[in-house]
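Below is one structure; the comments refer to it alone.
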Amino acid sequence: MNWLIAILQTALLVGLSPLLAGWLKRCKCFLQNRQPPSVFQPYRDLLKLTRKQPVLSHDASWLFHFAPYMVLSATVLAASVVPFIAVDLPTSATADVIVLVGFFAFARFFLTLAGLDVGTAFGGMGASREVTISSLAEPAMLMAVFTLTMTASTTNLAFAIDHVLQAGLVLRPSFLFALFALLLVAVAETGRVPVDNPATHLELTMIHEAMILEYSGRHLALIEWASQLKLMLYGVLIANLFFPWGIAQSLSLNALGFGLFAILLKLAVLTLILAFAETAVAKMRLFRVQEYLGFAYLLALLGMLSHIVLEVLL
Amino acid sequence: MNAQHLDFYMQTILSMAALVAFTSFLMLGQGRLLRLIFVFAIQGLLLTLTTGLAAYSLDNPHLYISAVLTLLLKVLFIPAMLRREVLKMAMHRDVEALKNKTLIMLSGASLMIFSYYILHPIVQTSNAVMINALAVGLSVVLLGMLLMISHRQAIAHVVGFMSIENGLFFAAIVATHGMPMVVELGVAFDVLVAAILFGIFFLHIRTSIDSLDVDLMNRLHEVEK
Amino acid sequence: MIAVYFILFLALLGIVYFALIGHRTDVGKINTALNGISFLATVWLAVTVLKHGTLLSENKAFLIDSFNVYLIVLTAFVGMTTSIFSAPYMAHENAIGRLNDQRLRLYYSMYQGFMLAMYLVLTTNNMGVMWVAMEGATLATVLLVSLYRTPEAIEAAWKYFILCGVGIAQALFGTVLLYYAAVQINGIDNALLWTVLYEHADKLNPHILELAFVFLLIGYGTKMGLVPLHNWLPDAHSEGPTPMSAVLSGLLLNDALYAVVRNKMLVDGATHAPTASYLMMGFGMLTFLTAALLLHRQKDIKRLFSYSSIEHMGMMTFAFGIGGSLATFAGLLHMTVHSLTKSAIFVTVGHASQLAGTQKMEQIRGLIKTQPVIGWGLLIGTVAIAGFPPFGVFTSEFLVLMATMHSYPWLTLPLLLGIGVAFAGLFRHIQPIVYGNKPEGQEPIKANLWPVLIHLALVLWLGLAIPSFLADWFSQATLLISGEKLL
Amino acid sequence: MLFLAYLAVLLSIASGGLALFVNQRVFVSSLWQQLPVSLRQQPFYCMTDDAHWRVVIQRSVFVLLGIASVAAIIAGLGGLLSKQILTDQIQLGLPWLPWHVRFDSLSALFFLIVGIGTGAVSLYGTGYVKHYQEQDHPFAVLGLFTGLFVAGMLLVLLADDAFFFMIAWEVMSVASYFLVAFQHENPANRRAAFLYLLMAEVGALAIILSFGVLASFSTGISFEAFRAAHLSDTWASIAFCLALLGFGMKAGLVPIHVWLPEAHPVAPSHISALMSGVMLKIALYGFIRFCFDLLDKVQWQWGLVLLLLGTVSALGGIFYALLQSNLKRLLAYSSVENIGIIFMVLGLAMIFMANGHPELAALGFIAALLHAFNHALFKNLLFLGAGIIQQQTHELNMEMLGGLIKKMPRTSVTFLIGCMSISALPLFNGFVSEWLVFQTALQVDVLESGVLRSLIPITAAALALTAALAAACFVKVYGITFLGVPRSHHSEKAVETTDKGMLTATALLAGLCFLFGIFPSLIIRLLNQVSSQILGQALKNDTALGWLWLAPVDAGQASYSAPLVLVSALIAAGVCYYFLRRTPDTLIRKSATWDCGFGGLTPRMQYSANAFTMPLRRIFAPVWQLDEQVKKDLSGALNQQVDAVHYQLHIQDHSWQWLYQPLENGVNSIAKQVSRIQTGNIRTYLSYSFVTLIVMLWMVS
C-alpha cells in the first residue's frame, strides 16, 4: 500500500512538472503583458518532440544516446525521494538529502559529458560553465540543507519534515538564512535568470541550452522534461521543508487530497515569486555568478552558525 | 722549594730544560734557514747531553743507546741532509721575512706559561722538577707547532716537526727516564724513515713547483675564489 | 698465538719480496694469495679466541681479546678483497702508462707494509708499540698517496705526512703522560702494557689521564679524520690509487678509532668523570655534521666518498662517546659494516673512474647503460652507505638513534638532520652518474666485481640477521668496553 | 592465515628473483643439461630462442605475483572473518630482538587491499611490459623491484616491532624508488626519483624518531612494549606530530605531497597504480597503527590538526588536479585529494574518541577505512586505464587525445566507471564512503565545544566543494580524453588493446567498484570487525533495516539503500525507453554536426582541457601560481593580421616557493660557508689542530 502510494506520488510529481513550467511561463507573460500560451503548452512540446525523428551527429558516440535516459531516470529517482503530498513513505528511506544531491550530480555528470561528446565549441562551453556553477552551488546548497538536518538531527527528508511539523511554528533565524540561501541556489541550479536564461539561444550567454544544442527528437524531450522536473523538485523541496504545513501525515484519502491542494498552492505562489524575480532582474555576466553564489554560501554559513550559536542549548 | 736544595743532577736537568726551551725560542724567531738548522742541531746536542746525563746518574744502560741514536739522527744526519737541501736550492742567502715577529715571540712566551698552567694540577702528586721538565717538553712541542705555522719553507716545517720530536723526547727522558727500549727503537726507526721520506719529498716538491714554499701548494682547496 | 707471528712474518716477507720483484705480471695474484693466507690464519685465530677467550702471548707482547680479534679478521678480509680488486686495476694503470714497474714494486711492497702496520696496531699489547705501528702506517702509505707524482698527488701526500706526523706526535706525548702516570705507582714494571694498565687503572692519577686523553684523542683523531683535524683526509684519499683509498677508508680509520677507544676504556677506568665521553661526543657530532654538509660541495667522486667516511667516523665516535652497552654495540657494528661497504664502494668508484678516464663527477655519466655491473654496484653501495635497510648500516644507525634517544633525546635532532643532509649530498651527485644515457666513447672495461658482491652480500646479511658468533664477539667486546652486558 | 601471509610474501620475492633470469637463458639451459636424462624426457621447448624464453619468464613472473596476491587476499579475508589475532616471531634481525609478527584484522584489511591491487597488476603487467625494449629497460630490474616492493608492503603490515617495521618500510620505499627511476634516460624521472627518495628518507627518519619517543618511555622497541607505555601529554603530542610528518609525507598530505605528482606520472603505469592505489594506503595503515593502536590515548587537538590538514589537502589536491593536462599527473593529485578526505574523517574520529563518543568514532573510523578501500579500487582502475591509453596512443597529454570512446570501447567503459566512482556518484563505491563521511560530520551536535561544532560543518561544506570539483575534474578527464573528436594523429590511429589480461584487470576492478557501490554492507561488516578490534567499539546497528540498507547511526537519522535505488533507476529508465522505443518513423538519422552554417568544423575548434577549466581558474586564481602567456604572430600591413596565437600555461605549486626552495638554498649556502675551512693551505690546517689542542687542554684543566 505505502509503496503504491509512493510510486503514485512520484508519478504525479513527474507528470505535473511540465504544468509548473507552463504556469511559470504564463506568469511571466502576464507580467510582461504578452499573450501567454496555454498552460499545457509544455506537454504539447514534449509530445511533438517524441514524435520527431532525432538527428545525431556522425561524431556522436553511444554515450550520447545513453545520456538522456540516465539524466531523466536520475531526476526521477530524486523525485521519488522528495515528499510531495505525503510524509512518511518508504521511498524516502531509500535515500536521504545527501543522496538527493548525489542524484542531481549524477544527472549533471551525464549531461555535461553529452555536451562534450560531439566535439563542438558550444557543447564544451556549456559543459564547462555548467560544472563551474554547480561546483559553486553544491556546497552552498549542502550548507543550507545541513542547517535543517542538524536542527532535525536527521538527513532523512521525511523525518526532517516531521520534525518541523512537530515543532510547530518556531521562528528560527537559521531557517530564514537557509531559506534564502536555498532560493538563490535553486535559481542557479535550475538555470533561471539571472544565472542562465532558458529562453535565449544567444551564444555568449547560454549555459544549459549550449550543452544540449546537438540534441533533438525524443532525446531532447527527455532532457527538457528532466530540467522541468528539476525545477519542480526544488520548488517542492523548498515548500515542504520550510512550510510543510498541509502535507499529508496520514494516508487517508482526504488528507492526501488536502496535501495535494496545499502543495499546489505553495508551488503556485513560489512560481509567482520566481516569475517576478525573473522579470525584475537582468541576467548577469558569467563571472559575476561567483559573487552571487558566494552570497548564497554566506547566507547558508550564517544560518549554520546561528543554529550552532543561538539555537543549540546544551 | 728553590734551586739550591736540589742535588747536582736536578740542577743540571733544570738548566738543560731552560736551554732547550731557549733554543726553541731561537728557532721560532729565526728567518735564515742555515741558522735555523744549526740551532736545531744544538737542540739535538742538548738532548743528547741530557740523555747521557740521565743515563749516567741513573746508570741505566739503555739510555746510552738512545743517547747515541739521538746524536746520530738529530745532531748529524738530519741537519746535514737539510743543509744539503738548502745549499742545493741556493736558499742560504734569502731571509724569510716573518710577519709580526714580536707577536709570535710573545705568543710563544704565553704558550710556555700556558703549559705550566695546564700541568699545574699535577704538581702535588709528584716532585716539581719532573713537572717543570714535562712543562718544558710540552712547551717545546707547542713552540714547534708554532714554528711550523709561522714559517713558510718546507725545510722549516721539517725542523719544526723534528723539534716537536725533541720536545717529546726530552719529556720522556726527564719525566720517565726514557720509554721502554722497544719503543725507543721504534720511535728512532720512525724518525729515520721520516727523515729519508722528507728527503724524497723535497725532490718531488722541487720537481713539481720548483720551490719549497708550502704556500704554493694549495691546489686542493674547496673555497670558491 | 702462532697465527699472529705467522701473519706478521708473512707481511714482512711480502714487503721484501715485492720490493725485489714487484713488477712481474703475476704479482697481483701473489699479493692476493698472501693476503688470502693471512686471512685464513686470522680466521683460525678467531676460532681459537672464540674457544679459549682472551689470548696473551708468553712475553706479554701480544694481546688478542674479543675487541680486536674481529677487527683483525675484518682487516685481513678487506685487505684480501682489496688485493683481489687491485690486481686488474693496477695492471690497467700500468698498461695505460700511469705507473712504471718500479712504482708498481713500491706499491705492492708498501701494500704489505701497510698491512703489517695494521696487524701490529691491532695485536700489540704495548701502547708504545701501537704508536710506533700507527706512525709506521702513515710512513707506509704516504708514498702511495704520491704514487702518481702529479703536483696534486705530491701536495696531498705532503699534507698527509705533515699533519698526521704532527698529530701522531701529540699522541706520543699523550702516551708519555700515561706512562708517567703509570710509573708514579710504585712497584709496577713495563707499565705500557694494556694488560698492566687495565689492572691498575683505578690507581692512575685522573688529572694526568685527562690531559693524556686529550693528547691521544687529538693525535689519533687526526688519523681518524675528526673535524677540524680532517683536512688531510679527502686530499689523500682522492689523489692516491683507488685500492689505497679503499684500505685507508676501510682499515686505517677503524684502527685509529680502535686506539682511541682502548685509551677511553683506560681513562674511564681511572677518572670516573664523563669528560672523555663528552669530548668524543662533541667531536663526533661536529665531525658528522660538517662532513654531511661538505658532501654537497664535492666535484671529485673519491673526495665525495672520503667525506662520507669522515661522516661515518664521526657517527662512530659519537656512539662510543655515548657509552653504554647499546651505543657501544652499535659502534662496533658500524665499524664493521662501514669498512665493508666503503671499501666496496671504492672498488666500484675505481672502476668507474677508469671507465670514464676521470674522477670529475660531471664527466662520469650513464654508468648503468655503459656497464650495468659497475653502475648497479655503485648505486646499491651508495644506498647501503646512506643507511637504507635492509643493509647493515641501517641497523647500526638505528641502534645509535635509539641509544641517543634514551640518553640524550635532544641530540637526536641534529643527528637526524645530519643523516638527511648527508643522504641528499650523496645522491644528488651519484644519481646523474649512474643514470642517464651512455655518453660517447665510454666503453666497458675489464673489471673484477667479486669483492663488491661479497662485501655487499655480507652487509646485507648483517642487516637482516647478525650471526650468533659475531653477536657473541660484539657482546663480549661491549662488555669489555662499556662494562655493561648487553645480551 | 599466517602461513598464507608468509606464502604471499615469499612468492612475491620469488617472482622478483625469477625476473633476474630473464636474460640467463644460456645459463639456465646449461643447468638443464646437467639434469639426469630421466627428467629431461618432456620437451622443454622454451629453451629454443631468447624472445620466446623472455616471454615465458615474464609470464611466469606475473603468474607468481598473481598467486601471491591471491594468497594475500585469502589471508586478508580469513583474518577479517576469523576474529583472532595471530602472532609469531622470525629468527632474524637483532640477536636480542627477533622480528615480531602480528596479524590482526587491521593488517588483514590492508592485506586485502594490497592483494586486490597486486592481483590486478599481475593480470595487467604481462601485456604492459611487452613494449619495453629489453636493452634499454631490462625487465630483470622491473620484475625484481616490483616483487620486492610488494613484499615490502606486505611485511610492513606484518611487522610488530619498530626495527622490523622500519626495515620493511624502507624496503618498500627503496624498491619503489628504483621503479620510479626505471626509465631514467629522461631527466624528469631522475629528478622525481631523487625527490621521492629524499622525502621518503626524511619521512622514515621522522617515523624512527617517533618510535624513539615511544621507546624511551617503554621497556623495548617491540610494539607490545609500546602499547604498554604511558606517555605524558606533551611527549605523546610530540610523537604524534613526528608520526604525522613521517606517514603524512608518504601518504602525500599537503604541503608535504610534492613528491607524489612528480613520481607517480613517471613510473610505469602499473607501478603508479600500485604506488597510488596501494602504497599510500600502507602509509595510512602505519598512521592508524601508530595513533589508534600504539599510543595509549588520543587527544582531540590531534583530531583538529588532522581535520584541518585533511581539508587543506582535499581542496588543494583537487584544485591542482583540475588544472593538470597530463593524465597521470592529474590522477596523482586526485590521490592527494582522497588522502586528504581520509585524514579528515580520521580527525573526526579522533575528536569523537577523545570526547567520549566511541560509537561515532567508530563511524568515522569505518568511513576512513572504507574510503581507503574504495580509493584503492578506483585509483588502481584509473591508473591502469591511463596505462592502456599511454600504450595505445603514446600520449598522456589530454590536449592531444580525444574521441577514444569509439576507438577503444572496452577501455572507455571501464574508465567511465572509474571516473563515476571517483567523482562520488550514487550507485558507485566512492559515493558510499563520502556519504559516510558526511554522516560523521553531521553528528557534531553531541560535542560540547562550540568551536568544533561550528568548524566541522564548514569542513563538511569544504568537502562538498571538493566532491563537486572532483566531479568537474573527471568530467573534464573523460570528456576531453574519450569524447569529442581526436585532437592528434596519435589518438586518430589508436585502437583497442588486444591483450586480454589488461582488459580483464580493468574490468575486474570496475566490477568491484560497482559491486561495493551496490552492496556496501558486505565490506562494512568486515570493517566493523576492524574497528571493534582497534577501537574496541563497533557500529551498533549497521544493518537495522536489513542487509539491503545502510543505516550507520540510526535508521531514524539516515539511511541509504543502493540496491533499491538501482532497481528504481532501472525501472525509470526502462519505462521511458519502453514508451520511446523506436517506432519505424522515428529512426535515428545520422548527419553532420551542426556548424552554425559556417562550415568547416575542425577538431581544433573543440574545447580543450585548459579551456574547460578556464572559468574555475579565473574564479579561484589565487590558489595556484599561474604563469599564463599568450603570444600572437602578427603580420601583414601594420601588423594587423594574426597568423597564429600561442597559449602557454604553467602551473606551480605554492609549497615550492614557500617551503622547498628556501630549504634547498639554506642547505647550499651553509655548505658553502662550511666549505671555507678547506683552504688548501697547510699552515692553516696546522693552526686548526694547534688551536684545537690549546682549547681542549684549557677545557680539561
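A, B, C and D are the chain letters, set down in written order, and residue numbers restart from 1 in every chain.
Following the convention adopted for this analysis, a contact is a pair of C-beta atoms (placed from the backbone, for glycine too) under 8 Å apart; a residue touches a chain by one contact, two chains touch by 3 or more.
None of the values given here were measured: they were computed from a predicted structure.
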{"item": "From chain D, the most remote chain by mean C-alpha position", "value": "B"}
{"item": "A-D or B-D - the one linked by more C-beta pairs in contact", "value": "A-D"}
{"item": "Whole-Å separation of chain centres (CA-atom averages), chain A against chain C", "value": "79"}
{"item": "Interchain centroid distance [CA atoms averaged], chain A/chain B, Å", "value": "101"}
{"item": "Whole-Å separation of chain centres (CA-atom averages), chain B against chain D", "value": "70"}
{"item": "Distance from the mean Cα position of chain D to that of chain A, given in whole angstrom", "value": "37"}
{"item": "Residue numbers of chain D (touch at least two other chains)", "value": "672, 675, 678, 682, 686, 689, 693, 697, 700-701"}
{"item": "Numbers and ranges of chain A residues touching at least 2 other chains", "value": "none"}
{"item": "Set of chain C residues in contact with two or more other chains", "value": "158-159, 162, 166, 170, 207, 211, 234, 294, 297"}
{"item": "Chains that touch, pairwise", "value": "A-D, B-C, B-D, C-D"}
{"item": "Residue ranges of chain C in contact with chain B within the complex", "value": "126, 128-129, 131-132, 135-136, 139, 142-143, 146, 149-152, 154-159, 161-162, 165-166, 169-170, 172-173, 176-177, 179-180, 183-184, 190, 192, 205, 207-208, 211, 234-235, 238-239, 294, 297"}
{"item": "Chain D-facing residues of chain B, complex", "value": "114, 117-118, 120-121, 142, 145-146, 148-150, 152, 157, 214-215, 217-224"}
{"item": "For the chain B and chain C complex, residues of the former touching the latter", "value": "118-119, 121-122, 125-126, 130, 134, 137-138, 141, 145, 148, 154, 157, 161, 164-165, 167-168, 171-172, 175-176, 179-180, 182-183, 186-187, 189-190, 193-194, 197, 200-201, 204-205, 208-209, 214, 217-220, 222"}
{"item": "Residue numbers on chain D that touch chain C, as the complex places them", "value": "91-96, 136, 138, 163, 166-167, 170-171, 173-174, 181, 184-185, 187, 190, 193-194, 197-198, 201-202, 205-206, 208-209, 212-213, 215-216, 221, 667-668, 670-672, 674-675, 677-678, 682, 685-686, 688-689, 692-693, 696-697, 700-701"}
{"item": "Touch list for chain D against partner chain A, complex", "value": "402-403, 405-406, 416, 420, 423-427, 431, 435, 438-439, 442, 444-445, 448, 450, 453-454, 457-458, 460-462, 464-465, 467-469, 471-472, 475-476, 478-480, 483-485, 545, 549, 555-561, 564-565, 568-569, 572-573, 576-577, 579-580, 585-595, 601, 603, 605-607, 611-616, 618-619"}
